[in-house]
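Lettered A, B and C in written order, each chain numbered from 1.
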Amino acid sequence: MIKQTIRVLGALGLGLALVSDVVAGGGIAGTVTFTDGPQKRRTLKLAADPVCASKHTEAVKSEALLVGEGNAMQNVFVYVSKGLEGKTFDVPAEPAVLDQQGCLYAPRVMGVMAGQKIKILNNDGTLHNVHPKPKINKEFNLAMPKFMKVKEVSLDKPEVMIPVKCDVHPWMSGHIGVLTHPYHSVTGSVGTYNLADLPAGSYTLTAWHEVFGSKSQDVTVSDGGSVTADFAFALADLKKK
Amino acid sequence: MQQEVYGYWLPLNVSAHGEVIDQLINVLHVFMLALFVGWGVFFIHCLIRYRSGANPTATYDPIKAKLSKYVEIFVVVFEAFLLVGLSMPVWSQFKADLPAESEAVEIHVMAEQFAWNVHYPGADGVFGRKAPQFVTPENLLGLDPDDTNGKDDFNSINNLHVPVNRPILIRLTSKDVIHSFKVPVLRLTQDAIPGQEIPFWFEATKTGGFDIACAQLCGLGHYRMRGQLNIQTQADFEAWLAEQVEEEDDGGFAF
Amino acid sequence: MSAEHDHHSEAHGHHEQSFVQKYVFSVDHKVIGIQYTISALFFLLFGFCLMMMMRWQLAYPGEALPLIGTWFSEANMPGGVMVPEFYNQLGAMHGTIMVFMGVVPLAVGGFGNYVLPLQIGAPDMAFPKLNMASFWVFLPGGVIMLASFFVEGGAAQSGWTSYAPLANIAPAGQTWWLVGMIFLITSSLLGSINFIVTTVQLRAEGLSYFRLPFFVWAQFVTSFLLLLAFPPLEAAGILQLMDRVAGTSFFLPAGLVITGQPLEVAGGGSPLLWQHLFWFLAHPEVYVLILPAMGIVSEIVANNTRRPLWGYRTLVYSVIFLGFMSFIVWAHHMFMTGMGTAMSTFFQATTMIISIPSVIILTALALSFHGGSIRFNTPMLFALTFIPMFAIGGLTGLPLGLTAADLHLHDTYYVIGHFHYVVAPGTVFALLAGIYYWFPKVTGRKMSEGLGKIHFWLSLIGMNVVFMPMFSIGMAGVSRRLYDQTQYAYGAQVQELTIIGSYGAWLLGVAQIFFIINLIKSIRGGEKVESDNPWQATTLEWATPTPPPHGNFTEVPKVYRDPYEYSVPGAKSDFTPQFSEEG
């Protein structure tokens, strides 16, 4: 009985220590906007594969640039690009999921940790092939015929970003960012991101978009503090790139 | 009259040049069958007649085989006829006599692993310049954004729309590896070779939707590199063109 | 050789040899022939097993391979179902193994090595050490090929033709394929020089060129084909290897975009260059496959009809003409690459011309049966079946040789049917016939006739059930190398023929079990032959002791007459051997 109590207390203590360790940091949050507002989007030629076309009731537009209300910019990958060197972090046991839905990648942009499992799903009932074109990691090219619903892969080296394509459906385009730490986020439909529980320190924060490239800014995070870092892209960035 | 499109022999022919090819193939097979059966009857006759049980002593001297000489001469003459009379004219019509660009409907087809990109010139009838460095998932053809001729161009993937009864001139290229554009109902195969632009033509004689296949191993998705040939009446084709042009034609930049 | 063994030297002056010298690194053409035969048979079986697995995927696409499906890795057959990458590997390796590691080594390395020196009365090949080198280059080549299945990304998967640029961008297995090919080609080159010199220099006294058995002629012409046609492919293989490992671009044009990413190479190469180099070998290669088979069939037909071959000289001239013409037809494999009228006219014409000597050879063989006294033993059954099967293969080549018909038939199953009729029930039947025929000379025992006949009939049925439907499938328009033909409306239409074909392939597999049992059983337990010439044949290999010792002949052979003097009027028996002085 006493032993058990000690064990529970010990566990509690350890838990507290862990929590307090994480609390001794801050967060970065912000919004990414596209100042020129929504742009015309091309219609995807899903008729190329009748199976794909049958998954949608209306015309599907390109997701290369998604701008929502208040110019909120979606699918921007925001991550800590400098300041975490030499630190090691546990790779999440939980795999990241890349789904192929109606012949589109969901999510279109995602971040994982090096070595983290990526679970690729195919419930489309047609052949997809998953073909990342990395520069640092090992290239692979996996066929997922309709009978193959799940496939697990992993990328072992940090690399931002790796384009992923399906060669059968050339409009299918996705990007995976591989990092050595868990501090990355992808903006959703309201254009916000949130990096929580970051140890105190000075960092370079980078926002990446598949069409408009990268932008960075330096931020300093103090214990318990919360920093706001917004990014803005514009059509003019296209010319610069 | 309901006609079967596909079966156990030649499929339905919907091309102007296909009729001669079908004739050639059928005549040739009758010839091959006759030769094989005739020869086989002689062979089996020999096996039975000259089995050791029936003919214990073999003949040393060879038979005088006049007939076989005649058969061989006939084979030579017949092959020459097939070659000069049937095969060469079809080939030269198909290869050498490309239709004038003014009469033909010109379409560019760009093959890639594992899809057929079809490029139409849009309202101005002029194809925009294409170059590999402009290729993105949103610009599969690699149209040069600075070329005004390309502004109204549009593409489709795996869907080739053509009007019936008009010469169609296709310029075939490939982005990556060798593919082969094959339409069984058109009696047509043409390799797409990267680094080359190969023109070929056909004239469809019936409307309908038919399979386009890749006939040259091009990788893991080779078996799924299927396209659809839509042969339409001139009116339907023009309506389809207009619909596509409208969708593309906003003059602005798009993603 | 240690000194203490010297006093054991045999009567004809050869030293006794250690096991390794006698059976492993042997310079004896007969041992090398047997080494080639055994390894080639093993490779043939392996290549055939790959095909039987493919036939499951073809018949029942996307269904788990029963029984053995789960033995394979997750990458190749997840849940027992084959993935397209693995299917392409099996396809490419089936072709490569059957042609370069199976049929050619068996026909040339096996039969050529064992039988040719015996038939010309030679004590061995002209260059015995070169001969040994040939085998010991061949075997590593084969091992490299098989090992490539285990490298990352699997074995070569761009077809046995390895067309650029697909092969250039394929996974690492392709590099192994190229290295393996360089070994195999080098081996063939070493062998072919040896055959030519041996035939020219070491013929027995009295054995003039027109007294050579037809088998020797076939091997002689084949060796010239190998010698002249293989170097371009060896060069091409090295160039493709450079493209893959050294960043050259012999076969890569500029501006390639692979999966949306520009391929960073200098460019300026030509994908068609590879095809020209490849087919410049691979068309003569077709005749490398078929000529030795014709040679074997001629020997067995003459022996079992008990009369001379009809038109021996015609046969010889035809085979020389075939050999020559085979060098100028290669581009008929490339009619659909955008070839103009001048080129296609030339290659169509040469293709039609090359069919004529084949027709003459078939006619001569068929006429040889007329007036014979035919014995239907197992080797004869296989040999005579070669003739109609090769006829089907040859005839169906005609539509493919005419560009107009080829517009529809190019790269369809019709092509697969055509060349398999030439090579499988054609050449492979001839090779099996040869094994049954020469087995008594090699082992001193006959193979079982009963098992042999079961093997023959099942194989004959199996072969035709696989390949005959392919003409219909191809005519319907189905392309070759499709992982799942039901994706196309016309493929789904003829799917049941594909299923039937698969059962034919598996039946063919069952048939080979009888052959394997027969082979193993007969080596130790087969009926012993009473004489050195059990088939009562006329050619020189039957003049040797059984099995022939090192050095072959106990006395120097001398030749007195033509090769097939059967049923000579007035002779004592119905066969008068070349080596017999009185006739």
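Note that in this section a residue touches a chain if its C-beta (ideal position, glycine included) is under 8 Å from a C-beta of that chain, and two chains touch if they have at least 3 such contacts.
Treat the numbers as computed from the prediction; the structure is a model and nothing was measured.
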{"item": "Chain-level touch network, classified as line, ring, star, complete or other", "value": "complete"}
{"item": "Farthest-lying chain, centroid of Cα atoms versus that of subunit A", "value": "C"}
{"item": "More contacts between chains, B-C or A-C", "value": "B-C"}
{"item": "Centre-to-centre distance between subunit B and subunit A (centres being mean Cα positions), rounded to whole Å", "value": "45"}
{"item": "Euclidean distance of C-alpha centroids - subunit A vs subunit C, Å", "value": "55"}
{"item": "Whole-Å separation of chain centres (CA-atom averages), subunit B against subunit C", "value": "32"}
{"item": "Multi-chain contact sites of subunit B, meaning residues that touch two or more partners", "value": "112-113, 137, 219-221, 224"}
{"item": "Junction residues of subunit C - those touching two or more other chains", "value": "83-85, 259-260, 483-484"}
{"item": "Subunit A, residues touching no fewer than two other chains", "value": "127, 141, 143, 165, 167, 170, 173"}
{"item": "Subunit A to subunit C touching residues, read off their complex", "value": "127, 131, 133, 141, 143, 145-148, 151, 163, 165, 167, 170, 173"}
{"item": "Residue ranges of subunit C in contact with subunit A within the complex", "value": "62, 78-79, 81, 83-85, 259-261, 483-484"}
{"item": "Subunit B-touching residues of subunit C, taken from the complex the two chains share", "value": "83-85, 88, 91, 157-159, 163, 165-166, 169, 253-260, 262-263, 267, 270-272, 305-308, 310-311, 336-341, 344-345, 348-349, 352, 355-356, 359-360, 362-363, 366-367, 369-376, 384, 387-388, 391-392, 395-396, 398-399, 402-412, 472, 475-477, 479-485, 487-490, 493-494, 497, 566-569, 574"}
{"item": "Residue ranges of subunit B touching subunit A (in the complex, touch as defined)", "value": "112-115, 117, 137-138, 140, 155-159, 219-221, 224-225, 227, 247, 250, 252-255"}
{"item": "Interfacial residue positions of subunit A with respect to subunit B in the complex", "value": "39-43, 45, 47-49, 62, 64-65, 126-127, 129, 141, 143, 165, 167-173, 211, 235"}
